[in-house]
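Structures follow.
In what comes next, chain A is part of two complexes: it sits with chain B in the first one and with chain C in the second one.
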Partner chain A sequence: MKNKWSEMLDTLSVDQQFVVKAENDAKMDKVRRFAPLILLVVMTAIGAVSQKNFFSWANIVNIMYQMSIPLVISVGLSFVLLLGSIDLSIEGMMGFAGSFVAFLVANKSNGNNFGILGVLLVVLIGAAVGAVTGILHTKARIASFIVTYAVGSIMAGIAVLVYRGTPIQVTDQMFVAISQGKLFGIPYITLIAFAVFLVGAVIMNYTAFGRAVFAIGDNETAAASAGINIARAKIKVYALCGCTAAIAGVLQCMRLKLGQSSLGTNQMFPVVTAIVLGGGSVSGGKGGSLQSFVGVLIYAELANWLTLMGVDTNMKKVIQGVIIIIAVALTVTHDRKTVAK
Partner chain B sequence: MKKKIVATLMAAAMMATTLVSTAFAEGTIAVPEGVDPSEYHLAICIHSMDNEYWAQEAAGAQLAAAAYGVESEILTCDSDDNKQLQGIKDFIAQYGDKALFVVDPSSTANTVNIAEVCEDAGVYVTILAHRAEGLYPADYPHFVASLMLDDMAIGKATATALFESIGGEGQVVELQGLLGDDSATNRHAAFEAALADYPDIEVVDSQTASWSQSDAMTLAENWIVNYPDLKGVFSANDTMALGAVEALKNAGKNGEIKVSGCDGIEAALNSVKDGDMVITNANDGYCIAGYGAAYSIQAALGMLDVEAMDAADRMIFCKTTLVDAENADDIIAKFIETGDPGYDYSDLSACFSAYQEAE
Partner chain C sequence: MTQKKKFSLSDYSQYMVVFSIILVFVIFTILNPKFISAYSLQNMMVEVSPLILLACGLSFIIYTGGIDLGAGAMVSATCVISGLYVTRFGNGIIPIMLLVGAVLGLLNGVIVTKLKIPSFIVTLCTQNLWAYIALTLCPNGSVAIDLQLRKTLKWMTAKAAGIPVIFFFALAAVVILFIFQQYTTSGRSIFAVGANIRAARLAGVDTDRAQIMAFVVSGSCSALSGAFYAYKQLSAVPTIGDALTLSAIASIALGGTSMAGGRGSVLRTAVGVVTITAITSGLNMMGVDPLWKDIIIGVILIAAVYLNSDTKGRDIIIK
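Then we have the complex of A and B:
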């Protein structure tokens, strides 16, 4: 059975068909591009109308706190997803970074007090481990979800070895000051997260490396024939993702003041979801920093709103799931067949 | 030649192990004439050493074994049923009827297998914390006792202390553990039971933070904004309570809004001491695993006639300690700093708090 659309197509010549299809695609693309923004506005409006506290400054500060760490994770993860790959090591890396930084700065378990040097060391380790992951992925040709899962499990294991069962209590004054301090009402943690985001956005949009990542995600073969060094770009992407995961782990430790492996648990998938909500694609080539930012904000607002509404825990999971499916169905293109590479 | 070297090395290694384990064996408790306690080997079966409570269980059982002069060894299973069972079988194969066990089971279901393997081998075992439905020590001559923690009583006590600290009235919120988890279910039920006695307490929200500190912190941040009159936070474990404490600190409300926890991890004990948490419960691995070991040891050394014991005496809840600002220093000193609460493991009744089944 033919519908009107295909009947119409039949009456056109091939090149006319192509023009119609291209115009149609462009229209859909525009809708898709603005869908996340519309979703954000709708979400905010619903929040404001249904909850008097939603727009209170204290709650806005809460949303800023709650989006900070996902935002930092999203910076590196956006690059990975643009490639069409995945990084499952983020949670283990966060657990390691949080545990090890607690071990290095002033704490109740040992006499260390390396302060900012400790933080820098942990972030560097994060980047280095990320680079090793990238090398294993590209040179040893291990699929990204396997190698990153393995690396994540190694890092989580090392994290537990660092504190041997008794989570390390952080007493470092810098950690206390950063987690509680604000500048013009904006928490320091959020300012740090914004700074990391800006650096990521500049790298993604204004460097040859950023363009290379888009090109690889869109069509790896074409990118290779255009002379892009695919392996090197991918290694850099994993190094960047390891680095931001380590920063996220450190920030999480600043917030919680307790260094333990579980501080990374369940931190990654919400961010993948958020990036997709913002218009990113898990099959690569689509998305960007701003999309990720919008996605993270939508997700943080949604979670915050559900708590303010006092929605029952089980219901909350159902609602989150349904919203995610709807949003992803609206934003994902259907003509690509690949999932995570 | 090579074989000889290997053999020498192995012998040396074995001697070294023996030396290490006998270092514990002080043998301060008198054993019957003609029994050499150092011939007996206690296996301390726990999940893993990477959790404060399990590490405390291992330490308690080691202290008890040392007090009787019995050798001890720690077997971890990473919560894997097969691994735990295999470890127990291997230990029996190694030491025969001189083997004895104190087991924190990998799962409730595995308790049946553990009891049967030990019964078949004729070695004594005490099982901690879990007992499958229909499994009774009285049906097994070698299953000495089931020692459990009274989740209901503990949860009720911490909730009651929280309610009292806010004057028995006002708004409270509840942080639940992982949905579907045994302890989470019991502690939630205990919270509800405690509520029945306090009609003026209003539970404004109850959510799960899945035992996670960061989830709990996020929930608490939102609650602080949404319920300006909030007075208390009931948490099903210490980790989540500490998340709530961090949120309260950021809002400058720590100590003002009361928080209760459970488990007695080091960070929480410090938090109680600092006044940021009002109460927690030290679940006390030294007690349950130490006395658990003592039950098995006494049975194996012929100091306890298991078959003559009353069925009820073989199914008990162990003592735990509520920790508030007053005794926090004392508990930290006993449990954390010295790592030896100084229990008399010769007196089995010292750990008793209640019978598992009220007759």
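Then we have the complex of A and C:
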């Protein structure tokens, strides 16, 4: 079918080709817009059938709680994927943020007690490291998957150095209060996550910076010609992603009251799966905060169902991989000129 | 065509690997003369051999401008398969693993070229499959190979003329891969794809075939590396590859192979592997906390890629 398609393109004139291409793009856009919603309905239906009290308030709160940390990660990662880049340093960054914040607040291993200042410091470090990653990516011109892979390993290494073998147990009152507190039955951690998401959505949709990221992802050359400072926007994106990864790490630490590098393990990949499920593209320009939200929700329901079916963690990761490959293969352009490396 | 010479650090990056290996050996020898003792060197030869195989194979994917983030996980999976099935096949496991690796690589290559998905996404996904194989076959950690069988596997780490046999294998692999990359059409077309895939296609190169070939070569080498680890450790270790992807990519970058594709050499990669291994084992001998290892290799990777990167092509979009 694919060959027929490219043969047909060859026989058309340039303007006809353009029309065909535009129609095809419009069709793709429609798929992108509606497929996630259909998926969401299907997953909800499956959930309702396989679980007795699926629509009970307790279960809805439970799903929202499971969404929290992926949602926070998705805020920064959505920006990065919109650029068509990737941030593989998220897991290392989360491990570092969780370990270092545990080191700074009241804990059983040392006498530190910086409280909220410690949290702020860790989030700031996250943003600063993200900015350095962005500078290395744009100014030193290193491909994002290489530089973020290296930065991720460095941060994971530093995380282990912070506690040297024995994970730090947190005793901080604020951490205990946040991890156990609830408002109208909704855990504080979920509320914080939704607040972070709202801030991210506002930045993405209502600021010049957010529009610039969409423009760069859609067509970087055109965006540069239009006068957008590409390097500065990308550095901001990586700083934002580092910041949200650090927040996610801190939330993980609050949840478990434990600081160790494995807080970040297996956190990034599900979120990439979720964003792709929501209609985001790994090659840039497609997606948005709402799409990411829907994606994370679909993913939470899927994960819930897989656990119910007794699928083990390793198999879950394989399923995530298959989902990403199928979703990307369906949405990527397939004409002969497309190059994948 | 004459070019005006202007000093630029990246012009000298091709000599980086030679400088760094000399520097590393001189510094560590001064700090600790035992560093170049026969015993230490023999140990290092055993240590570098599987990593040389892994990194030299991975180089071919890097030549095309792609990457395999799952190389380490593939080593884990093949180490486990070799360790568990060596009891049935004996030393015949080595050719079997070559075949298994080729199939795993083929899967990556076909997904990248036929479905047109960037390799870092594909390999990020498929590495979960390799990890699944490793962890499902060995759910409770390492499994030691039968004591009786160990005698028949010892030859790999035994020494001939003072040099471990495993190192001869690694050298032979490097020579074969070098001949493949320099003197065969397939080898040259892999470079052509990395340098300019559209031009290569117009020149009549079957670019899909070249890309798949790179993944197959890399898969076979990773699988062989996994088998070597099984021989070296005398057990099936499901987590052996976890840290290897980083070391392998860093070795390739340190060797001076361009991460954007199109230029490089397995000889450089092999020297890069020796340098990286010398750094880690040297620091180890000096009593530096092994926790620093990943941090140091990560920094080396960034620095090496920066020095190699082509700073002239300003208009090229890097994602």
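The criterion applied here is as follows: the second predicted complex is superposed on the first by the 280 of 341 C-alpha atoms of A that agree within 3 Å, B and C clash if a C-alpha of one lies under 4 Å from a C-alpha of the other, contacts with A are read in each partner's own complex, and residues count from 1 in each chain.
Simple rule for what comes next: contacts are C-beta pairs under 8 Å (C-beta built on N, C-alpha and C of every residue); 3 or more make two chains touch, one makes a residue touch a chain.
Since this is a predicted model, take the numbers as computed values, not measurements.
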Partner chain in contact with A:Ile325 - chain B first, chain C second, else both or neither: second
First, second, both or neither for A:Ile203, with chain B first and chain C second: neither
Partner chain(s) touched by A:Asn314 [first = chain B, second = chain C, both, neither]: both
Partner chain(s) touched by A:Phe145 [first = chain B, second = chain C, both, neither]: second
First, second, both or neither for A:Ala231, with chain B first and chain C second: neither
A:Ile135 touches, of chain B and chain C: first, second, both or neither? neither
Partner chain(s) touched by A:Ile86 [first = chain B, second = chain C, both, neither]: second
Chain B versus chain C as contact partner of A:Leu120, first or second or both or neither: neither
First, second, both or neither for A:Leu191, with chain B first and chain C second: neither
If touched residues of chain A are counted for chain B and for chain C, the larger one: C
Contact residues common to both interfaces of chain A (with chain B and with chain C): 160, 164, 314
Interfacial residue positions of chain B with respect to chain A in the complex: 49-52, 54-55, 176, 179, 204-208, 210, 212-215, 217-219, 221-226, 239, 242-243, 246, 249-250, 265-267, 270
Chain A residues touching chain B - in the complex, by the definition given at the top: 53, 56, 58-59, 62, 65-66, 108, 160, 164-167, 169, 179-180, 252, 255-258, 260, 262-263, 265-267, 303-304, 307-308, 310, 313-314, 316
Contact set on chain C toward chain A in their complex: 64-67, 69, 111-113, 115-122, 124-129, 131-132, 135-136, 194, 197-198, 211, 246, 249-250, 253, 259-261, 289, 291-295, 297-299, 301-302, 305-306, 309, 311, 317-319
Chain A - residues contacting chain C, complex: 83-86, 88, 136-137, 140-147, 149-154, 156-158, 160-161, 164, 220-221, 269, 272, 282-284, 314-315, 317-318, 320-322, 324-325, 328-329, 332-334, 337-341
